[in-house]
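Common to both upcoming complexes is chain A, partnered first by chain B, then by chain C.
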Partner chain A sequence: MLKKKIKLMVLDDERDICEFVKALFRKKGFSVSSALSGNEAIRKIKKLKPDVALLDIYLKKGLDGLEALKKIREISPLCRCVMVTWDSAVSKIKEAKAMGAVSYLVKPITITELLRVVYRAVSGIRKRGK
Partner chain B sequence: MANPLPEEQEIYERIKKENIIIHPLIWELISHHIRNELYMINLIIGSTVLDGALLNEENARKVLKHSKAIQGFLDELWKVTGKKQGDK
Partner chain C sequence: MATIREIFHEIGNWHNKITMCAGVTKEMLKREYKDRPLPKEAKDTLIKKLSELEQYAVGADKVLLQLKGIIYNKVNPDLGQVKNKGGAKCLKRR
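And then the complex of A and B:
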């Protein structure tokens, strides 16, 4: 279990995915919120200031994940953003990293991989806090 | 994992030798649909395995839903791309 509750934001337009990821990380002691669109994520991030955000890139409507990433870097620069997408194009990965994403996961991801990457992002926060 | 076709290795070799490629638009569709559905299935099954719990009916239905979505996508893709020699 984590010492202090880490705040996680999940952005994915697939409701089932949001629900499962939320349940998974809540069991691990995180405080988790989710959004089904980029615009909803930005609204919630302004208010909740999450430590880590899992951002899907391709969304049905509104801001896409990369646009959301850009805004998050402006409004909550300490938030560590992990991109989650089906797109394995090297150019997309480079673009996301250049915009400040700490990791880039290509679906389908296993739970073990998802946990490993989020814990790595969390360890970055803890190191920063020392 | 499905058993490989008897001539599967030869098929791969032929694809490589003849430089047979899939159009990027088709790859985009495949990646989007298959990878998203598999991610969901991974989450459902993975969370069950992690908890050591039995797969409940609700989640089993979700796995079926996402499996059917893969099947539906492949059917759709076949309709628009799957003409073989001799097909009308």
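And then the complex of A and C:
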């Protein structure tokens, strides 16, 4: 059980994916919010200050995940960002890491991987808090 | 009309939804039925099948990635045009 409710935000233009992530992490004791576009994510991050953000790199409209990452790093530098992408976007992963992303997930995502990566990001917050 | 790139992206999205849906359902089953009267055998079978479903989607996506590599090599995925004459011959043969 988590001591403090960790705030997680998921940015994905697929509503179903946002719902799966919310259902999974709420059961694990997280406070979860979602955004379907980069602009919506920026607005919510300013307001909610999440501890961890899952950002899909490829978004159909508006800001893409990398542009969102750049803005998030300015608004909320302590937020630990995990990028989500496809195999073919290896160069984008490198770019994201250089911009401050802590980790990445390659689609299709298995829940085991998702939990592992998010809990690792959370453990980074705990270490920082000590 | 959707481009080849968009179609591949869409198929990949479905694979992602399958793995996520199966995985989340599996987690729910483990948690929700921890102390509830679902026969252990039924619960174990369901969890096993959901894990298999997850892996099937991962497998399907690996094949899709191979197919994507072959097609993108021959055809511009955004314009739908064959990249060169050699590529055109290759596509006709198949």
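Things to note:
By our rule, the second predicted complex is superposed on the first by the 127 of 130 C-alpha atoms of A that agree within 3 Å, B and C clash if a C-alpha of one lies under 4 Å from a C-alpha of the other, contacts with A are read in each partner's own complex, and residues count from 1 in each chain.
By our rule, a contact is a pair of C-beta atoms (placed from the backbone, for glycine too) under 8 Å apart; a residue touches a chain by one contact, two chains touch by 3 or more.
Because the structure is predicted, anything quoted here is derived from the model rather than measured.
In the superposition on chain A, A:Ile109 makes contact with both chain B and chain C. When both complexes are overlaid on chain A, the residue A:Lys5 reaches neither chain B nor chain C.
Of the two partner chains placed around the shared chain by superposition, neither chain B nor chain C is touched by A:Lys94.
Contacts of A:Tyr58 after superposition: both chain B and chain C are touched.
Contact with neither chain B nor chain C is seen for A:Lys49 once the two complexes are overlaid on the shared chain. The residues of chain A shared by its contacts with chain B and with chain C are 14, 16-17, 20-21, 23-24, 27, 58, 86-88, 107-112. The touching residues of chain C, when paired with chain A in their complex, are 9, 12-13, 15-21, 23-24, 26-28, 31, 54, 57-58, 61, 65, 68. Those residues of chain A that touch chain C in the complex are listed here as 14, 16-17, 20-21, 23-24, 27, 58, 86-88, 107-112, 114.
Residues 31-32, 35-36, 38-44, 46-47, 49-51, 62, 66 of chain B touch chain A in their complex. Of all the residues in chain A, the ones that touch chain B in their complex are 14, 16-17, 20-21, 23-24, 27, 58, 86-88, 106-112.
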